[in-house]
């Protein structure tokens, strides 16, 4: 149930912010759940590995890992196994975030591993041709995030609208099914609206929510912007 | 309480074995706890990241992470933050396991980060000079594991006793405090006894226990061998 | 002149074989040049970084680097700069060989850097979808090399013909210009013929030539097979 | 002959600066040679991989690689083989420069490989304990370079004298033979003098020389400062 994608959607990346670590990860996920229930918008959260299970047990909204490794069960000390992530109750994973980039063959391998384990694969990309390249590997979600805008508060949707529209155009040539998100610098409901107007199906956000004084208000603002679009 | 090292000791590395994933990680940790309580021997377990919290909540024996990253809180998607590990109830971490090797400067950084967060640092090394090199960085535990013996069932203590004794000799020239363990191929109580006789203060083990039909029996065998030494 | 691609073609990867190091790299390149002149077939050689200049000065056939880094001039100790490679007389570079894999964003960056410096970009890929993904990044050459066949003497063209034909089919949907090669296990003229018959425009080879008792004979055999196709 | 270390000494790291690429690498090496001959001071140069051979053929002063990989001859496309470096006429190599850091076990492996091939090993380190750690691996040269000062023009010798003296003190406890250099921010003859006064046996420099309008003048200034110390 949890695992069915229902765009338009919002994914909140908790990164390794202290404001979204441990108990605070659970609290933040609950605020996302509240906003999701109130608005009906699909909101997923991506906490740190060690927090996934507690978050997945505390909320009914979808929980993603921030990364999984291209490995099978066995001798892989310190790596992240898809089976282990799945058993925590997570339903998906980010892949190739600009802060955790992977080799091309590994992106392909992890998308396949995710499929085998019914995990939603959300691959992050940095420009339109790379997005189109990834589209060929058939992930469930492609999220374009120009790395130079991450954490700046300058939204990709308003600053680089052509990056977003070109991504959509190139991806759709080869892949009609992947959900297309955008991220980087998304700070206001208006940024979300512009992102959706450009043709995306939602946003991947982090600091604007995680580091907000009142995260619920911002999540709700984003969800409302998504809804009224 | 949990965090005080009491050698002789045994650390069980769960790696990414399915036999030690999710609920099975908790079960295995409970068997280790049983053996520890019965024998009084310090036994720690190192489950996968996503399982640390559930394991730490289920048992009173010390729980280690298998790795942490040389990062501070912030924008580090997909990385392992010391603060997050600590908040799960873990008391230490493996560092530089041969399956998760790190750059030299990162080993140094993670040992310092571990100290700042009251996490026990257990650095894995592959030969005596490298062990001595690491000794200078003052980790709490140094565990020598010749990579060519890992998973073979051929014990480092019987196959390469001189690697073990040379490690102890070289390490002690510069560091009198670090606990010295050995690992790789440890399969029988006898291997543990030999390891202790050579001067180590315990063992780091994985497959011999995790993949055993009856892990408790093996853990108990190892703990008894440690005790009667 | 040197830099114009003229398929069908053969690229010989010298890897780090001693048989193709230093003076032996120059000798081997001369044998490739002889076969190229005699048959009219485009044969390029890819020696180690330190040998590129001597090889490029000794022969008139095209010389490729085995890798370049996604960097600009500056503080990059120990890295491979496109400008430096170009100044040696090399005309192209391998990218993302299975023994030197790169992050997706870095493959994209190096293809662009190669274009800026008039270097032919030859990206190695491991399966058809990855080949198609790379096609979107518009390299000059795409060479499919299933890693499990590299160095086996079992030719990709005879063992995995569908990998080759699927690659061609998928790549051509998005890219009509890239030269498509295949590699891995190519050992006999017959393997080359099959590769061409499947629709490739040549082969990327290594051990079959470099480790041959009489490399010239094998190069000539491959060139003849390419010609009579 | 070339390979005998004669401290006090200066190593000039060409990095990937355009001012030290191709023909300019040879020219710069000649200016270093001129200063070396005039002053009798041991001055080595470390050009990019592709330039090593031309530089080594053009000058009589020692030439270093900027990095070698922990590999043996064979299937290692895009890697740097010690044997190949040696055959160019290079006599040594930098290892673990802060811009090309290595795993601990790889540093150990490369130091051994360098010894086997009569190449001088110069390991770069970032702080005193790491320097002492490396000392146990018995490289020929240890060069401490606090990364935060690299390229700043603020000299390690004047800014962090205690980092230099602590390095010497810690290294000498375990290793009496390694030559100890310092680097990072060395810009003036005075910085060199201070470095030698603190007890080092020379400096590892880059931008101050490579990016100088008149590199010879600066090299000569450094060599004179080394001599009159």
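Note that the chains take the letters A, B, C and D in the order they are written out, and that residue 1 is the start of every chain.
Criterion: a contact is a pair of C-beta atoms (placed from the backbone, for glycine too) under 8 Å apart; a residue touches a chain by one contact, two chains touch by 3 or more.
What you see is a predicted model; the values in this text were computed from it and never measured.
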item	value
Remotest chain, subunit A as reference, centres from CA atoms	D
Distance between chain centroids, defined by C-alpha means - subunit B, subunit D (Å)	37
Distance from the mean Cα position of subunit D to that of subunit A, given in whole angstrom	45
Residue numbers of subunit A (touch at least two other chains)	98
Topology of the chain contact graph, where touching chains are joined (line, ring, star, complete, other)	ring
Interchain pairs in contact, sorted by label	A-B, A-C, B-D, C-D
Subunit B to subunit A touching residues, read off their complex	13, 15-18, 21-23, 46, 48-54, 65-67, 71, 73-81, 83-85, 87-88, 94, 97-100, 150-151, 206-207
Residues of subunit B that touch subunit D when the two form their complex	96, 98, 101-108, 125-127, 129-130, 132-138, 170, 173-174
